[in-house]
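Have a look at these structures, which come just after this line.
The two complexes that follow have chain A in common; it is paired with chain B in the first and with chain C in the second.
Now for the complex of A and B:
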């Protein structure tokens, strides 16, 4: 169905991007064969890696690949967790890493125009320099803007401010034909034809390659504060969330985290979490524009938590305490990574979280496998980690490979079934990629998937763009 | 390309929805031949009007029409302004007016599930009863939920809270085949396949018929207040907006309104606007959670306006004053309706409004036609009214028909050209329908329109759903 990459095509690619931006060396290509998904069986080497430096180059590369019927897999920071940027059919990996320019900061419209290869770690400081604020905060700051948009990344701050989708106003996209289209613009409103902008967001590089984005920013809130609230059990913790919202309190983030992973991360980082009480924590982050408002808000939150059986409330009321708490939260994944098989990304209605996590705990016991689960309590996005280990008396005990291999598939199915029953979806913010593809039909009806296939054929009739992702054609 | 409606099909339709919900009487059908667009030349009578009472009925109607190749035009409150619900090819008008049930209010998830035929005037009170808040507020409260979603309606409150799109979490949609699909759900996050939910929003009934929606609500802000600020000229008024935002003030709405239309509306309603100063007003609506915050915010806004050459600041600081001001604002359209040919709905980057309106004024002088222009200053959505009159010395002087007929088309083109040059779109919140179809290619490239056509063919291979809208196939 695809053609093999020929020397002639490689020569053409070198003409387009320059010799040194075409990588054929197998030693170097291996770096482009995987993302952050832990199992190596989904890895696949590209035939060639091409690093474009402009939209024009992307256009010429796609036009060539489309004519030659060679697959093209776009790649940003490769921080994905389900193989979205793995070149599953070989061919060309088109890395956007060199397209890392902030094109414009538009103070009047409060928008920023950035190329796809801008890393979040470079993006946030630039935004802050302007006294502005980009609310979404996906975990890994080496992620690049293009990938963040292609997966519709979320993060913890989605409770108050929503996901990446809400902030994307314009996209420059290269189609497989090489045509460059501009979707949206510096616009707050548009009802002008089908919304291709929103269709492109979250399409995982299968419909077009995002080369540039116009992103809405907000005035930055003056301050934020973190509260750490221990509970005897998860249900009490989760049940606090609707109480907060009913009392018109809209935190930036509400995370739930079990004590065991906190303790492991404390050891890993040699840092202290402010509480050892209970079995589960809520981490509530609020923002406000004055110290006075912040104090009042913290008091309200604390009072509501205590009414809902919280054991105590710790306030990280200075930047260094806050920093320490947020660092522990953000490094949990690293602390347990060596034993992690897969991070699930189920999103359920907020009201279903406690019951879904209860089911996770049952499955953990049934299958005798460690399934530490934490995530975004107020937006329903639950990250269950499937581990190649059990956790006993404060120790991680590895499982033999044949054991976890058997369990992995069963655990996925059990949890996706539960997700479906609760009206959930299998990905809240990571995307489908390769890893979740077999489970798409658990939560989407056949008609919807069939419409998606039709859309794919409309955009990419030769199926050269990131083939084998989301669904099979 | 379509088949004529036969007696047999009418009998089938009667079997589906019951005899009394099938309207063949020409006298009654005429009510279903138009929307709020003022020129009668786009009106078209349906062959039959069918009023469904359930998703199941909609499914059976579509399945029948698809098999028989008879066009189906869905219809809600018919408050549209560009012919979106006009059955341009005859066939069946499918009215959703009987599907007007609030299916569920989910307090835990803060969502409401409503059928497509629920009118906004019934929707808002139900939401408020729960102490909740649906931020978008399109002008006409006889609009129905389904149509509001199908056009991605906006309204004045979009500055702080965004458009309808931001609040739609789930849709039940019937496809031309009769298949019922469920998109999204009670979910805050999803990255699970292409976002068909967002594609459906704003698709103007051409891809599927929305029968039910799951809508996110917010805790209601405690109070709002309106400030009326007269300026000597439009530029000073518009230039105030970025100053407000730069100082981290995010109003609910910022409207700009010229004095002439205010004066006409005052006479029409026999009510008084609080100021006679200047030539242009800003109407700024703020919300806050305490009286104290509200006072502080009002003072800040007033100070910034005065710094930017405002002539005065009037605060509607009690509900009856606020009511009076908002009523005048909302009735402008009615006050000048008799002389209105068309309401444009151009959206430009916020920073371009003053220049765009300047161009409107030039065109008005050039063509000797009255073009009163007002709209949403902080979100860039400008409603220029093309009038069949001139406005001289405080009097409306009608133009002869042959005169305005010549001018209408030229004025549209001049303003859409200016819109394009400023990176704008021809519709911010009304949709394209029939009236704006000839101008779509002014702002969208041919590739984008071609992708939209491909999407249409995927969803509706027989082109039975609201044919002749947005673009021609």
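Now for the complex of A and C:
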């Protein structure tokens, strides 16, 4: 199906990007064989890693690969959680890391034009410098602009401000043939033909390589305040969320987090969470433009929480205190990573969250496996962590491999089944990649998948672009 | 127990500080100001002592009107009263000046106290002098950089950090204590606390009311220049075959860095 990479092609690649931007050294290539998905089973080494520096170079690489029938897998920050940037069929990994320039800040249109390899940790400060705001915020800031667009990433602030898709106005894309197309532009509106821009967003590197993006920004909110709200039980915490929505209260973020993972992360970071009360927390972040608005909003939130048996409402409202709270929230992943098998990314209608989480707890008991579950409560996106351990008396106790190996598959299926019953999807923001591919048909009908296959063939007749992802052809 | 805590409003440690080189001062626009973190330990300690022994916690700050926000924070944490000693001089970096104002207040208007708590230093000025100066001016016992404090009757025991060890000091009340990180874990305010603090009056006293003559506060210190610390240079990467690279590294460490 694919051709092997020959010395001649490597020489061609070196001509395009320069000798030192073509990596064949096995020791260095190994870094490009995986993403942040935990199990090494899915890792696969590329035959060669190529680091492009311009759209032109990307175009030449793709047309060469297309002619030679060599697979190309685009790679951003490799923070993905489903093997999306893993070169499952070998071939070329095309890393966008050198294309890391901010091309333009357009104050009049409030848009920024950035290359695909700009890391979020460089992007946010640049946006803030302009007094502007890019709401989507995936938890790992080493992700890159191209990657967050290709996965249609979300993050905690999606409740109020939506996901990456809502902010992308234009894309420069290189097609597998090497053709460069420009989709959208600095536009707020367009009803001009099929929307290929949105087809590209979330396509996980299977339709084209994103080289540049025009991104909508917002004026930054004046102030924010984090409320940390302990509850005696998870049910009360989660039941609070639909109440907030029903009363039309719109915080920036609503996260629910169990106490066990908070305590583990406190130890890991040697930092302290604002409260030791209860068994579950809601972390509600509010934004407002005046102090009066902020007080009113937080009092409304607090009243609803207290009605639902919250134990108290703690406040972090200066930047360093908020930073401390957010750091604990975002480092939970690292603190439990060594024991994590997989992070699920189920999204259900918001009103179904409580029932779904209840099911997770039942499955955890049935299978005697630790399934810490937390996530973006108000947008229905639940990250259940399937662990190769149990959690007893404040300690993580690893399970033997034979034990978790069997459970993993069963737990996935149980939870995906529940997700389907509630009208949910198996990925809210991480994408399908390789890991979730076998379960796509749980939530999409055969007709839809078949249309998707057709689209893939139209864009990429030789199937060279990130083959084996999302679905098989 | 009547406990007084002295606190300062400082730029948030997360802020990026910019300097106005013409006025030799920090550009305050866009900066967030907070209760100085060491002062937060002092407030927390006062609250814990009150919770254990009863009494009253009053928080003082010397500064302009904007200082109210951090006094409100102390009230939200649970302090009983807060007093603003209004001084519009701005950041003078003059610890002697602050110490004089505080000791004046304690000699003339706020004379009833058992314990004076401070942060070991304010972030920003970082002079770490005010607590000791106040103790000297009032002729009170003092223990600085305290990581553990116990009060029993009219005396107390404190552990303080010294080079490579901890020193245990016993003292009589009233006394001056300055708080070091580790003394406790400051509590977060509750929303209820914050809203109650908003409604609470903060009395203001002026320097005149304390009977301080302007010439008493004549500058003891002159600020000649303000500079940002030099930017850290990025690391040096030695690219070569491992055996060659190791040689070059050793040479660099010996000759350029002079560390081996």
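Heads up, the rule we're going with is that the second predicted complex is superposed on the first by the 473 of 473 C-alpha atoms of A that agree within 3 Å, B and C clash if a C-alpha of one lies under 4 Å from a C-alpha of the other, contacts with A are read in each partner's own complex, and residues count from 1 in each chain.
Simple rule for what comes next: a contact is a pair of C-beta atoms (placed from the backbone, for glycine too) under 8 Å apart; a residue touches a chain by one contact, two chains touch by 3 or more.
All values reported here derive from a predicted model rather than from experimental measurement.
Contact with chain B, but none with chain C, is seen for A:350 once the two complexes are overlaid on the shared chain. In the superposed model, A:196 makes contact with chain B only, not with chain C.
Contacts of A:417 after superposition on the shared chain: neither chain B nor chain C is touched. Of the two partner chains, neither chain B nor chain C is touched by A:69.
Counting the residues of chain A that each partner touches, chain B and chain C differ, and the larger count belongs to B.
Once the two complexes are laid over each other on the shared chain, residue contacts for A:101 go to neither chain B nor chain C. In the superposed model, A:166 lies in contact with chain B only, and not with chain C.
Looking at the shared chain after the overlay, A:445 reaches chain B, while chain C stays out of its contact range. By the touch criterion defined above, A:331 reaches neither chain B nor chain C. The intersection of chain A residues touching chain B with those touching chain C, taken from the two complexes, is empty. Chain contact summary for the complex, chain B toward chain A: residues 106-110, 131, 151-154, 158-159, 162-163, 165-166, 175, 177, 179, 181-183, 185-196, 198-199, 201-203, 207, 218-220, 222, 242, 245-250, 289, 293, 345, 347-351, 376, 378-381, 423-432, 440, 443-445, 447-449, 451-452, 454-459, 470-471. For chain C in complex with chain A, the touching residues are 12-15, 32, 34, 76, 185, 187-192, 194-195, 198.
Across the interface of their complex, chain C is touched by residues 227-228, 272, 274-275, 295, 298-299, 302, 312-316, 318-321, 323 of chain A.
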